[in-house]
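Structures given as structure tokens follow.
In what comes next, chain A is part of two complexes: it sits with chain B in the first one and with chain C in the second one.
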Partner chain A sequence: MSLNNVTLATATKKLYKYKLKANIGLLNSLVFLQLIAVLFSLNGVGQMGTGGNGFSINVYYYSSTLVIAFTMLWAFIHSIFLTTKTFRYDDFTFVSNRIASNLSNMVFLATASLIAALFAMFTSPLLKVIAYFLLDHEVLLETGIFYSPTELLLGFAATTLYIFLFSALGYFVGTLIQLSKLFGILLPVIFFGTLFVEARAGQSNLLITMGTFIFTESSFLLFIIKVVCLSSLLFGSSLFLSNKLEVKQ
Partner chain B sequence: MMLLATFLPIIIVIGLIVIFSMKQSRTKRKFPISGAKTRSLLIGYSVFLLVVLVFSFFIPVESTSNNYIISQEELDKKHQDFYDAAHQGSLDTFDSAHVAEKWTFSVEDDALYLETRNTDYLGVSVFAQRKEESDGEVEIAYYTTRPMVEGFDITHLINPTVIKQEGNTLFLQQGEDVNVHVTKFAKDFTITQFVGKDTGLMNHEYTSVQVGPSILFLRIPNDLKLVDRSDLYIQFVGSGN
Partner chain C sequence: MSVIDCINVTKRYGRETALENLTFSIEKNKITGIIGRNGAGKTTTLKILAGYIQESSGDVKVFSEHPFNSLMVSANTIFVDDQMNLPSSLNLAEILNNAEMFYENWDCELAERLFSYFSFHPKQTHDQLSKGKKSTFNMIIGLASRCALTIFDEPTTGMDAAVRSDFYRALLKDYLAHPRTILLSSHHLNEIEELLEDILLLKDGQVYLHMSLMELKELAVGLTGKKDEIQKWISNKEVYYESRVGINDNYVVVENTFTKEELAKLTATGITISQVASNDLCVYLTNTSKGGIDDVFK
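Then we have the complex of A and B:
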């Protein structure tokens, strides 16, 4: 049997179904990680205080920001692992090619992003309950964790897109490393080097500028366009680069 | 060391993900399609989060106006207006002033001594105004601007000055220090990025928390001599002291 008998869509679909079952274990770490992130979040994501004349106020802000950030990190690292030999070899047990393999990985990561985002959004009430019972406070305030169904939907969609973008980034990094192990050393060096050197020099950081491009976009439509374009670029590049890999490399 | 502490959570998380992933990579070879335990875990986690969600609706949380902020300039003006109203003896009609406590003391002597007790620090400005009549009664009011957190009034947490009369002396003592710990649940950045406004957290010209000055305002009989024994710096309103 060869690819002549199997269309790209069929091969991708088969691989995707297989990956859903085979890689479901990755979600174990997601659950564990989100619970850890909730614990870390109990320190608060922000704090401000003021006072005088024997009266002081300290406000501790809580939100699922850290959970979402950790989930993005989870997606990034797991995407790197998806490009490793152990995971790639599985694809060769099916009738497929690199395009189907990459496409199925992409769809799988999109599905994982959806699930991860859904869980991440629902950790807000968990944080609220834990904070209520465990933290000392005279006043408990909220401006509403979930405002309206529209905002909830917006938050869910944006969280999914963020996680998916980090998956794409991880997948690209993973592909680069598979291409040459040298990237495994070069990329962290470039990343942390840029971060520390520019921060120390007090210059406008390249990474911050890149982050601002996404994280400060206030138009949701433009945000979608940016994330979709960047993810496509990253997955497209990964697809192109993975074709350079020898079979079973 | 500080740097290590900052990155510690991230290092732990990366470590955990790598360990999990490596474990997953190894088990995949032995059990290509496994996951019954994972499915149970996911179902359990989903049910747990849903139960917590329902439970969270019953937690008594004060709702604040969204993103209530005030500029530092506006806040300073508000406090200055409060002092101006005290100087004019019109605190009762000043909107932002709140009377936290009131006292009335009878004085039989010609003079009333004011003294701080336990400490020289009182944490409140003292104003005095002579009444038109000489009725032998000293009326004291503790005025404060309302302390707010994101528009939520926490005036009820203020501890006013403690005042005790012993003969012809009023002993003033600062109320016990109050440290209000506010827990605020904010929306996630993935929502505020598109619908939120500047909360003022990152802008030093604005604040969402306001604590203002307090004033101890004495209305004394016309013929009473007020003697400050503790350098309180009593500011007299209207004609002479």
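Then we have the complex of A and C:
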């Protein structure tokens, strides 16, 4: 029997195709989660009120910020799932090595981020339509049912990048947990510990600095560079760390 | 040409040593049985060959490449066992389609025929299947993928007797039509005996024997007769097994180094000579004590 030779590119492509088929169910959970987020958002993500002699004004803000936040969480959690044994070992039943497995996961997560961002963008008009028809408001001041195409595209790109960044983070965290179960305890402790300590200290430290670094970038180009660098770093480390992981059933 | 070359392979899990200085090579297009007791290191060996796990030291070559992280080895090897990981999000028909995408030699027709012969339903998922059905389905993937190195690690777990014999027959037929290197580990040597050319007997993480099945059959003889009478003959021979039969008689399994004349004399003194079944012999060879479980109850 003659031997078949496979290049890394072919193996990755096949794994990617397989993952698209096998993980289509992720979309169900995404839609479900986003609908819940829409429901929560119907209360308004911001609110202010004022009043005077014989009148009062209440202003509610509706936006899909919460949907995007939920979507990021979804990306984070599902990336952790992708690193677990059930998903990892499936690759090795078919043709794979650790690099191809990781690369295909990465491309798959990029695709998932794109789809998730697209869905998230759709919820914004949905939210406003629901608010208009179902909620009893006197005046609806529309800031943007009709965004300019550039704005829409920018928003879409930024959302995709944020979601992708969170999936990279989840993937890295998942890989660490696969290396040692200890990280499963250690990482939440470190995260929440820092949160509490910093809150008590009262000044902005690590977490806030990191948040500002990613979330308040005003130059889009710089933002792209930041996200691409950070995700490459995270995926690169995951690849490096998981290159020795064995397949033990 | 050898397909597998292992030189001084050692595998440790923490403090536990699973394999110790394993050295063997397996030739192309042979069916080799990997035999050994529980914990002898069969699965560890096979997983190292499939590139699933990495040896702690030593040199492993499959198709002249180190299997761990080798795409070439992965593309030409399939590892089938009862815990084979298959996605639960796809149904059985979709899994077969996927396997077809990955394995270039995939025989679609064979897969479909076996699929309907064993009456699987295309819409079922793998985790809905019973234990025996799972093994049967895994076996279909193992056969249809036609990999140059096909590894079956206790493939018949949970299968009923009818399916087991069907499986062996299917394996043999497909092997004859498309010869390839097959490694088959099993606890039931008597069942797979007719399939095997070579056997690799592992004991405590080491190669105990690696020979053809014909040679194994010649390796030992069983003698039954009066205890004192037998004792005279076996004093300078290696005894693999000893047990009492009846009141005064003994049954011993010893290495077969008797000449024809000696055998004739043996028969003349009232000792019965018998062939030892390969399965029993393997059990005797890998026993830690000569009397087996009986020694515990002495």
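Structural remarks
In this text, the second predicted complex is superposed on the first by the 237 of 249 C-alpha atoms of A that agree within 3 Å, B and C clash if a C-alpha of one lies under 4 Å from a C-alpha of the other, contacts with A are read in each partner's own complex, and residues count from 1 in each chain.
As a convention for this text, a contact is a pair of C-beta atoms (placed from the backbone, for glycine too) under 8 Å apart; a residue touches a chain by one contact, two chains touch by 3 or more.
Since the model is a prediction, treat every value here as computed from it, not as a measurement.
In the superposed pair of complexes, A:Leu33 makes contact with chain B only, with no contact to chain C. Of the two partner chains placed around the shared chain by superposition, chain B and chain C are both touched by A:Thr86.
Contacts of A:Phe183 after superposition: neither chain B nor chain C is touched. Applying the stated contact rule after C-alpha superposition, one finds that A:Thr50 touches chain B and leaves chain C untouched. Of the two partner chains, chain C is the only one that A:Ala100 touches; chain B does not reach it.
Of the two partner chains, chain C is the only one touched by A:Lys244; chain B is not.
Between chain B and chain C, more residues of chain A are touched by B.
In the superposition on chain A, A:Lys21 contacts both chain B and chain C.
Shared contact residues on chain A (touching chain B in one structure, chain C in the other): 18, 21-25, 86, 90. Against chain C, the residues of chain A that register as touching in their complex are 1-8, 11, 14, 17-18, 21-25, 86, 89-90, 92-100, 243-244, 246-249. Residues of chain B touching chain A in their complex: 9-10, 12-14, 16-18, 20-21, 24-25, 27-29, 32-35, 38-39, 41-42, 45-46, 49-50, 52-53, 55-56, 59-67, 123-124, 147, 149-150, 152, 154, 157-159, 174-191, 193-195, 201, 207-211, 213-214.
Across the complex, chain A is touched by residues 29, 47, 51-54, 63, 69-72, 74-76, 79, 81, 83-87, 89-90, 94, 98-99, 101-105, 146, 148, 178-180 of chain C.
Interface residues of chain A, counted against chain B in their complex, comprise 18, 21-29, 31-33, 36-37, 40, 45-46, 48-66, 68, 70, 73-74, 77-78, 81, 84, 86-87, 90, 115, 119, 121-129, 131-132, 135-145, 147, 151, 154-155, 158-159, 162, 215-220, 223.
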